[in-house]
């Protein structure tokens, strides 16, 4: 702490209005970062998640609104093939394991663990991004064929955008974990990245149900 | 074009219902407005003056202000009651609007086009179906069911003196029930922004006594009058062999396109171009020569006709009573 | 993305007024007034036989309002293609009784003036003459649209998908064919 | 307050030059690059407010043009094509580039000061959001000047705005502008929520948050749940236009009303996230000029929350003329009536405050009083529009134009002008001229009513909205002329405001820290505030910190122990604002600006080619990574300060 100048006294003026002056609240003893809901980054991430969850919800609502207006569903085409979507669902769910391993490693400041975990996560990310290509192939409809096609392509596309961004985040973060510069707060970033990853995984489940199962009922 | 267009001069039960509700709501709102603003002015008038130096009164934070609270609470309760009353009145009127008796209703189908109205009088007997444009005629006292369709974008049919508006939505079918109890001509126009000439997509609804209406209808069912003099004949030939017949229809001739207003009885209409200009030979000639000058953006193309031809065409159209 | 698209971006983002960008969205709502000579008019009604014009319309050189890169003109052209039932023979450009318009083959030439001529005077084996039936301005709009069907217009100006059954990809998304004149020879008949 | 008791209280001599050091730490870097790298919430807030005001003036000029065109029947000043672009851009500008952003701009500047913080939670994101907003606005006006202005109305109803009836790129620019402003608005909302929940001064529990901060917090939450709808909608629109999707093509299973649902699900709440901040200004100003806390703080907070919830149940009352099921309509009528209750509650509370207070008549209060007269009328006409039958008559007529201006100008712009007069001394350190201020108010007030009151009658007399002209024999001429006169008067009064602001900025009377004798924390900072806001961040002991003594007996009154040479501040717990940890803020950086430029290129390019999304995102990834990448030197400093949780 010696290198750092601190304000450790009652300054002249600027003490709120006519409050009877009490003592000072010295916060130098407090931690310089925190995990989970205690960290600001967690709230920021939560905000992003709220927005994107709303977008997904709106898109799903659109899907069913269009369906409610349509004579039949899916509009004169076959429902999507189940196989690739289901495979990807399993990969995504499996990725939760290394993801949480990374999260715990981060929370216990275990750099080696974080590095390993993030590499595993990136491997999973690569896997589901590749499988995602086959998913688009197995939709049995083009986005410009009819409104049903537009809806499923947009729904799948929206989620793919999240996979890509999450993959990019993780990649940058992983590199940083190897090259540095590192400080304790970087572990918070890793933990929040893991939280976002969870969102991308669990947001997929309803979307999977809508894209692959809704047309079958 | 001197027909009235006013929501507060109802000429039929539907508009009348709404007009009553309007006056009722206005009264309730006035009753809410006056005391509220009165209370504000009164408190400003009697409140002691102060400057920024005046020490703030923070005592009230600790001790509850029972009297003020009861006043505010009762004000809120009263406005709540007023709102409930308005809600009730609104729902009641809404219900009444849906209850217009429809026995032996006249069925009209209105299709919105940019920027004119295609009007088709339906009839169980196909030979009694006919089309006209931009001018609706209805019998006084008889209910009319208007089926609303759109050919391009969203339009909205609105004749304030007879009823509120209803949208014409592409891909959907809506209906509107009206009845005119007073004979007269009521102007309406498109109320949903539909592009360049939204401003001049007007029409009229004329309510005629039953006998006059039947006469009008019989006349409309007739095919176009055969031209007698040479000039008119030349006009008809120009119409049916030139570019007019590419979009327009005239019953009893080879022209039967539906892209533009049906001109079978165009001479009997008050206005040209959906209420844009009065239907005079001069206006008609100007319109044919350069519609863009009169209604910029309209889909009718300019026709650079030699003088004689223009004259003949206008004369012919003038015979289509 | 197209070079024109890029210029548009630069224009818009830099607030530089590039004519390319302006003209493309311009809407000439008032067509040029015209005087000029009065052509002789056939006195007997004319049917839709090939090569025989209808009477009435006075033609002027000032009425050459062709703009193959103007979004509004192209869109009007598309509307007229529908209204005048060109699809009756050419379908949505895929061709039927008449030759396809989406491909690179042009029997009677792909230049605007050649297409104008084709529409105005008709061609042997089925293409009627529309002289006197369609005003010049509209013919020029049709010319622009017909060219856009094989991707000759900028994707930033060509029409997008219509509100209707989409038989073929929108003109704005067509691949630009390299037009070549194959005629004069009878139009390809497809069963 | 357990943690606080743990925290040891030092008493030593003042550290020499603490203020100078802090100033150096928190100020924006010098030079042009420094200016572009600025992330201080006050710098960004100022630029944000000025830009929003600029767009307000631009939108006003468009409105003036419309009024001149409509001044007399069959007028040919502007043709239909230009008129359609003008009214579309007027609505779009006022809603997306002025009303919503200006409120967020005020929040970016004021909220940290009001809660005793030194910055917004994510200052770099704040800067990025501002640049996105600015570039989006410039894009749409550039498009307009290039003759490519959107022309389908600010609501861009399909199919008119769709590929078939909206040729060219005009409406694509509109749809993309939405993306710009939504990105900006949503990021700012996250920023404000986190700031309010985590950076409040110790002791500022939920029950002690100033009402303006409450309003902005609730607004931010509304934005997060409302804006995605229109963002998705405009994306569908641009996809329909660019890559031939069929969301709005009824012939291929699409639906025209889908757009209206998505748009109004956002569009109606939007009215309230313009209006609720206005309520916040009202509460702040009324308390100060009635020399007493606002009556019924809990009722006020509850009302704001109730409004924000009910606001999501109103959207269909914009669609009564379509064939939506009757039962649904009745429900939405009920909601429209119900939402009047919380607003009425607040109005009554304010009147009670004024009635039991001692009134100091200054310009800010005048604008607040203008609010009462105008907004109450607007609210009542709102009730009429909420009723299905009446709406069927007045919907899409000038009656609605009158109503919405009474609500938005009365409910938001009048409080906003009041707020500008009120906080001008805090922002600039100088008072605005009182005499000019009074002229500004009375001209605005008179001009407004002359301009918009006649429109009620025009609407009932059958004049529809969005017509570029009207025939003489409709008899609408005189009232329209009157309305135009009012519009000109408003223009003059706004000009007066500009003159007043520019003059006062240079020659206004020097303002003290607390020129109005107000109670909230921003008045404890200097005028204008130092880069670090508070030399010693305050500890709050009540709802009116500058008026009443601390309620927490023996509690400390200010925070010490924060670094002077690193941007460090205290993060507190969300509910009762107990000290939690020392939060280190990022340094200024050029990368948010560069990222905004890259994003702008991507967005505009994607109007012309879907592939721009692909290469564009790579273009954006680079600066964003650079933005995130930590600097070694900074990390060293942080490590010195580091203390693990």
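Each chain carries a letter (A, B, C and D) given by its place in the written order, and its residues are counted from 1.
One rule holds in what follows: contacts are C-beta pairs under 8 Å (C-beta built on N, C-alpha and C of every residue); 3 or more make two chains touch, one makes a residue touch a chain.
All values derive from a computational prediction rather than experimental measurement.
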{"item": "Most centrally placed chain - per-chain CA mean versus overall CA mean", "value": "D"}
{"item": "Per Cα centroids, the chain farthest from chain D", "value": "C"}
{"item": "Selected pair, greater C-beta contact count between B-C and C-D", "value": "C-D"}
{"item": "Chain A and chain B, separation of their C-alpha mean positions in angstrom", "value": "52"}
{"item": "Chain C and chain D: spacing of chain centres that average the CA atoms, whole Å", "value": "48"}
{"item": "Centre distance in Å when chain B and chain D are each reduced to the mean of their C-alpha atoms", "value": "37"}
{"item": "Junction residues of chain B - those touching two or more other chains", "value": "152, 170, 196, 296-297"}
{"item": "Residue list for chain A, restricted to those that touch at least two other chains", "value": "144"}
{"item": "Multi-partner residues of chain D (each touching 2 or more other chains)", "value": "79-81, 159, 165, 240, 243-244, 246, 249-252, 255, 519, 547"}
{"item": "Chain-to-chain touches, reported pairwise for every pair that qualifies", "value": "A-C, A-D, B-C, B-D, C-D"}
{"item": "Chain A residues within the chain D interface of the complex", "value": "1, 3-35, 37-38, 40, 43-44, 47-48, 50-52, 54-55, 58-59, 62, 65-66, 69-70, 75, 109, 143-151, 153-154, 164, 168, 172, 176, 180-186"}
{"item": "Contact footprint of chain B on chain C as seen in their complex", "value": "27, 29-31, 33-34, 36, 38, 41, 45-46, 54-60, 63, 76, 79, 83-84, 132-135, 137-138, 163"}
{"item": "Chain C to chain D touching residues, read off their complex", "value": "1-2, 5-6, 8-9, 11-15, 17-18, 21-22, 24-27, 29, 71-72, 74-75, 155-157, 159-166, 169-170, 172-173"}
{"item": "Residues on chain B engaged by chain C in the complex (per definition of touch)", "value": "152, 170, 196, 237-238, 240-243, 246-247, 259, 290, 292-293, 296-297, 299, 301-306, 309"}
{"item": "Footprint of chain A on chain D - complex, ascending", "value": "3-4, 6-15, 18-19, 21-22, 116, 121-122, 125, 186, 189-191, 193-194, 197-199, 202, 224-225, 227-229, 231-232, 235-236, 239-240, 243-247, 249, 252-255, 258, 261-262, 265, 514, 519, 521, 523-526, 534-536, 538-541, 545-547, 549-550, 554-566, 568, 570-571, 574, 579-584, 617, 621, 625, 628-632, 635-645"}
